[in-house]
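After this come two complexes, each holding subunit A, first together with subunit B and then together with subunit C.
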Partner chain A sequence: MAKAKYNWPKRGTTSLIGKQQDRVDGLAKATGAAKYSYDINPPNVLLARALGCPHAHCNIKSIDLSAAAKIPGVIKVAAMKKPGDEIRWQGDPIAVVVGETEGAVAEGLKAIKLDYEALPIFVNDEDLAAAEKADRASGGGGNTQLEKEAPEGTDEDKFADQEIERLLKESAAVVEGYYGIDVITHMCLEPHGATCEWEGKQLTAHLSTQNVSGTASQFATPLEITADEVTIHCDYIGGGFGSKFQADTWNVIAAKLAKEIGRPVKLMLDRDTELKTAGCRPSGYIKVRIGADKDGFVNVWDSHHWGTNGSTPGGVGQEVIPYVFNPPNRRRKRTTILTNASPTRAWRAPNHPQGCAMSQTAYDDIAAKLGMDSYDVFLRNIPTDPEDEAKILKHDRYVEEMKIAARLMDWKAKWHAHGKGPAKGSVVSGLGMAIHTWGGGGQAGGCLIRIHPDGGVEVSLGSQDLGTGTRTVINMIAAETFGLPIEGVTVNIGSSKYPRSSASGGSVTVAGVSEATRRGSQDSLRKLCELVGKKLDVDPTTLVASKGRIFVEEKADKGLSWKEACSLLGMTPQEVKGEFQRADDNHLSSSIVGGVQMAEVEVDKDTGLIRMKKFVAVQDMGLIINPRGATSQIYGAVIMGIAAALFEQRIMDPTSGAFLNAEIADYKLARLGDIGEIVVELYQPDSEYERGVVGLGEPPAISPCAAISNAVANALGVRVPVLPMIPSRVLDALKKARTA
Partner chain B sequence: MRAFEYAAPTRPTEMLELLADYPDDTAILAGGADLVPLMAKMIVTPRRVVNIMGVAGLGGIMSDSQGVTIGATTTLDELLESRLMADYPAMLQAICGINSDALQATGTIGGELLQRPQCWYFRAGEGLLAGGGRSVAVGDNRYHAIFGNGGPAKFVSPSRVAPALIALSAQARVIGPGPEDESYVPVEALFRTPRDARQSEFVLEPGQVLAQIHLPPAGEAQNATYEIRQGAGPDFPLASAAAAICVVGGIVREVKVVLGQVAPTPWNAYAAEEAMIGQAVTLDTATAAGEAIAAQATPLSHNGYKVQLASVAARRALLAAAGLPTGGFDS
Partner chain C sequence: MKDPRSSNGTGGHSRRAFLKGTSAAAAATAFVTGAGVATAADVKPRVVGPGATSVTLNINGKDYELKVEPRMTLLEVLRWQLDLTGAKPVSVDASSGAATVIIDGKPAAANTTLAVACAGKKIQTVESLGGAKPDPVATAFVHNDAMQCGFCTPGFVVSVRAFLDKHPKATEQEIRAGLNSNLCRCGTYANVIMAAMEVVKGGARG
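== the complex of A and B ==
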């Protein structure tokens, strides 16, 4: 057979794929009919809350629960830590109270008495010298690549020193820069938590999770049961962004207490504990020297970056320094800083937004130094080395996307040299850009396609819809394959009892579920066509499904309606498993995307306020199943990036280590009025369609910080070094530039 | 939230009686935008909550030759929609700046004036003065006071409308604790800077209720509020100013400039007023007036930037009051 066993319909022949499709669950979500994990309230449910430790660093001497247990309405109190345990961040859960009402639980939490020994606190991750003095800094690796090899017998480090100094000296422009980006949190609207209920030995955890198929054993092991006795259920999740892959200790305790008490227990973190303990992103600060030739090509990069991963070592990896660009001579050093803060969790495109913000800003400063258009400097530095192209987007694709973005932004007409634009009162405007890359290939997973004799179709898989539109994508693919309208297929996701599917992280979901669903649906249709072929006495391979019928492709009147075809199944449904392995020879999905983003901002020099005027996001993602969903994803990513560039920041008390703004009112995010005009362009020439589906979730969230920082630098002629660019930092940068 | 007694009186005498039973342990509920979150976090744990929204005579907006009288339970939306407020743009601009349909629909003028500070040490349960001011002094005080912060109180007065009301010389009618007790005080006299942990930031005694606000006729006075808000949401401004000016023959004859979000009380910017009086309002004179306030500022370790913001807010409020362009983003 010449045709691949699995394939996508030829472009332009589809009825659903590639068409603007509303979310199939949009109405349910908008009306409240959709039940999020937080909405699950089984009869007789008890409420529970976790108490976060109020101290940022201490040894626990004792946790006295006796007064809490006596509060009317409190059913059970349990410690999550024991004497001798070291607490390393404020908000680390130390106890759980279960009660009949929220009030009883709140009073119970207040009555818990903690005796502790205070330990030294360190939270200032930006201050490298202070971290070294406090013995909180440690080497985190580094490496050097030089065009010239060290001569035989010379000390390599010494040679690198000399070589880098020589290259900098020979550069037409050198920038010595400092850049950074603070820790931010995930701020999921729905906090982490679960409602746990038992039926005999069977546990059902209604868990707010990005990992429906992968969490059962995380409950089972500590509860001393096996994973077959656990069902994870999550129909709708109110945000995860990388922070909800785990069962989490507090959910396991909720399950344990539900068993002991004999009633369902609901434990969702309160906002304070959620922000303090359930997910944040590493910070990154960098000192860099960078040298370029007169055309803006960066020939040498020499950097030292640091930041914190919280109370565990880690932070932004060096592989994203500099980001996307790969100068021929490069030395990078990394230091990790331990702080009394919660360990980080994966945050939408881990490492990339920080790497982009710490390095593409320096490239923009090269443009400023040379008096060049930033666009030309970026263009000049896109890697063309085939070795790089294997890892990142192809050079010509970036160039195309840059052209499109520039047209949509009207870049050339609006461009002015850094700090040289006209002012209106105290308001100046500027342009900035950044580029990014990401993987997004699918992970192994399966699905079950069930065709009922009455024509009903079900697709079942243990995936989850993070709000990205996964449910709609699965529905579109199955309906397209069977020639049915979108309503002709029911999608079942959100239970670990369905065929396993991958966790939603790394932008792997859409490629994975598309592979499994299309494969299963094509196999299922082939099987059904065998019955139809027999009935019509035609070769089943000549049959196609379209517009609610199965018929001979070349002879449309020879066929059956979908219902008639399904009735050939007799009494029992047909079940076919769809299956995808990463090693499969596939034509349905691919990996590696790029993207180009441009920002236009206005800055009030007297107040330091920044307003977004326009933002352009050009994004490729291979074959696009649902352009409306993809566009919406990109809007969300850009808005998240605007928040990180201008507003979001974890603020720690320098002395007590308290997380001061762990409240929705204090943790500032971008609101609708703050985002300006956002223009999204889905880049999908035929070459993209042909490479199949690639994930999109993370990549468009990478570039905004650097693009907006560059736009502010272009407006002011001064770099605001650390993000978020809050008014105090803008005014500080202007003041420093004035006094310099 | 701790369990509490709830009462919803309809008559003023009944209200005052309900407040008198445990005067130190009773909270007044109006819109609830501030009280409810404080109770949810158990920062405030009253034994009794008295809802005054149904009390006769505490709502509504009335006008006569003496000016405009606003009942304390009048919602912010009612003020925005009232034609009687047309001469007081400083008030309307301050309310619009709140940028929240929910807060404007449920929030009352009385509650807006008497809301508790946003200081994150206070809201984390450290008390209003948070260790006699020490937590703020050595901590992150980016949003804290730059004026009047020499004592233990370093929070900022959060009210958005108080600077406008003070600039417009508004009076407050206070009733209670006794059924016949009644007094009139300038709105600015409602506020005080607490000197110790026993004092609150308001002069109202337990059992007293803010009943009405009275605004004198605006007459020839032009007025405006300019807030410096980082974003378009309901976040509090970083600094704000309300200005009321009386210009005769192109020269400022009377002027009031009141700053918000910069001190434990709304802050009279006398230096700006002195600089402005007898001058025509221009970009230069307004800039000089704004900059004049900086001399008295005593910024903390992390809030020096607020001195500039307060200066700019004062300048722009004066320009806006005079009907001139502010030169920055629209407030």
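== the complex of A and C ==
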């Protein structure tokens, strides 16, 4: 057989790929039949909850579990920390209570007594001076790039100072700006947790995870078993957004206690602990001076940004400052602030939304300063340097997407200079835009294709459905390859016993499972065609699969039905493994996408309320398997962005370090009535189809914050510096502008 | 009486121990049950708890004889005793809408409704909208991809069903104004609006 060749069907010839497809598990999700980790109820299952430490910074002196253990209905109580341990954020789990009912467990949690020594608290990540005073700030890197080299013998830092001052002085417009974006939490509606059950030495962890294939050993090692004795099972996950890659200590404890008690244990974090400990995004605040020529080209950028990664160093990296744009002269300094808050976890497009919100806002302010259309300033600054183009979306593609977005928004007709639009009473409207880029692309992974003699087809992968519609994508590709209807293929995902797939993070899932499934299916079909070729006495390479038949191309009558073909397998199913390595030369996927987003808002200057009117998102993503699912991803990303731009923030009490709004009622998110009109355009010229599948989870979630902030600035003629733009911040910004 | 700790759990206080309690405690935990009771004077208040008590719940058209503690919410009973896990525990109060069920024709949060208070009422969960002939709201959610992770979806489907029962000819504006009690983190609202509109166009009763 000739060397296997993998390819996508030619555009326009497909029966499923690229067509609108309902989710294959849609009805299960819509009617409650889909079982999440929280829903798995093995016989005799017990409930467990973790107690988060009520203090943001302390040394533990003792944890007294005795009263809790005596509560009727409580089966077991276990400490997760020991005397002498330092707690560095409120909500860090210190103990677990296992019991028969919610009520018993709740009573047990209340009865735990903690003795502690209080330690100094710092939580105000926006206040750089206070952080420095409290010794919580440390240098986090920085670099300088100048067109002119420092003359030999001169001090480089001094030269940079002089050069940046000179460039700013020579600029036609200079903006000295302050921008920021607060910490937000992942707020997965299904909290982190697992239902753990044992059968002898075998552990099954029904884990709410975006990493089905990658967490078994994290259970095995602390439990002193081997990874093959662990099955990670997750048919459905109720949200992850980057926060559910690891096994997490409380889940391992649940497994341990299940073994000790001899009954299954379900431990799901309560909402309060979930928000305090199980995932948040770094904040970012920036002071910047930026200088542009009269056409709006930014020639010099000088910034210092800071923020918190919680109780571990880190935060928004400098590589996203400024975001997408790359001014020829650029100095950026970064400070990281340690706070008594939980360490951050990856959050949909790590760093990018903050980088975008901290820098494309400054570019928009340059437009305001010059009295230019923001569109023209953005267009003028899209990098054309080939070196930049390797890392970000191609210049011409951005230009094309900007044109489409402007048409869909009716940008030119609606545009007015910043703060100069017509007012309806106290309400003004405005437009803003932002652009983004992301890598994505498939990660290594495998799949198993089993064709049964009766015609049934099973495709199994250790992947997961984060909400993307993973099952549907796999199903479409396999069915397309075998020429079957969507119902002709069964997809199995969600078990670590299936061939390894990558974790769902970084927009790699669809590209990864697509590569593995298409390769496996093409190999599998070739193998089946050998039998059909023999039977029909034709060259198997001339055979094609379509409309439920395998036949000689262009001779439809010379062939067999799918069932007849599969019956040639005799008694044994045909099993073929699909494999994909990122280094493989024959790619069905690629990476690097971009997008352009535009927002139109109305702002009431009397109340500070912002209302979304319209939002346009233009996005490329290579070959689109299921446009319906892709469109949903973009709607979702935009709506998440609206929440971060207008509503959501983690509010910390500066004295106690308490996370004050760690309940759904207090942590404001967008609701159905808050979203306005959203227009999604999937940008897919032939060049996109031909570069294969890329991935989409992160990119459309990047631009909304900057685009909405810019729209508000355009409406008001005043920048609301820090996101979310809650009404009080809008009113403060207006007041400050009036008194300035 | 069965050992209260052996079944689906109780607080461990026996009914007898409770009855010996002070009258103040009894008053604080007393429950008046029974549907269609016109006034409190018509019926003698039944005192229950804090131990498990027998209750009959009518769920999706079927009667279930259950033993529940008075402090147990309807959500706990649905999920733990009946394995009806469509309604989800998301918030401590009713602010997420994920535990929405229909009680006597009206949407209610199962996690803020005590199970014992549901005796004699007709409870409808999302599971009743599935099966071989799914409700048009559920199928409209599928056609419009009004779900991503899907954890909020059952609650949303029930809320839309209840809303359209009351407003079968709802306009898009009314839908945008009237369906704000359900929270979705993945951002499926745009699709939910389309799904609800599709049901309106096809007739809310399907």
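As a working rule, the second predicted complex is superposed on the first by the 735 of 740 C-alpha atoms of A that agree within 3 Å, B and C clash if a C-alpha of one lies under 4 Å from a C-alpha of the other, contacts with A are read in each partner's own complex, and residues count from 1 in each chain.
Here is the rule we use: contacts are C-beta pairs under 8 Å (C-beta built on N, C-alpha and C of every residue); 3 or more make two chains touch, one makes a residue touch a chain.
What you are looking at is a predicted structure, and each value in this text was computed from that prediction instead of being measured.
Using the contact criterion defined above for the overlaid structures, shared-chain residue A:D732 touches subunit B, although it does not reach subunit C.
Look at A:E102: by the touch rule set out above, it reaches both subunit B and subunit C. A simple residue count on subunit A separates subunit B from subunit C, and the partner touching more is C.
In the superposed model, A:G238 lies in contact with subunit C only, and not with subunit B.
Once the two complexes are laid over each other on the shared chain, residue contacts for A:L119 go to neither subunit B nor subunit C. By the touch criterion defined above, A:V174 reaches neither subunit B nor subunit C.
Contacts of A:R671 after superposition: both subunit B and subunit C are touched. Of the two partner chains, both subunit B and subunit C are touched by A:E663.
In the superposed model, A:D653 lies in contact with subunit B only, and not with subunit C. When the two complexes are laid over each other on chain A, subunit A has residues 102-103, 107, 663, 665, 669-673 in contact with both subunit B and subunit C. Taken together, the subunit A residues at the contact with subunit B in this complex read 102-103, 106-107, 110, 425-427, 602, 604, 606-609, 611, 646-647, 651-656, 658, 660-661, 663, 665-666, 668-674, 726-728, 731-732. On the side of subunit C, the complex with subunit A involves touching residues 5, 8-13, 69, 71-73, 76, 79-80, 83-93, 95-96, 98, 125-127, 129-131, 134-135, 138-139, 141-143, 145-154, 157, 175-177, 179-180, 182-193. By the touch criterion given at the top, residues 1-3, 37, 40, 42, 99, 118, 120-121, 123-124, 135, 138-140, 142, 228, 230-233, 235, 238, 302-303, 305, 308-309, 312, 325-329 of subunit B touch subunit A in their complex.
Interface residues of subunit A facing subunit C in the complex, by the touch rule stated above, are 22-23, 25-27, 29-36, 38-39, 41, 47, 71-73, 99-104, 107, 187-190, 236-241, 268, 270-272, 465-469, 628-629, 631-633, 635-640, 663-665, 669-673, 675, 678.
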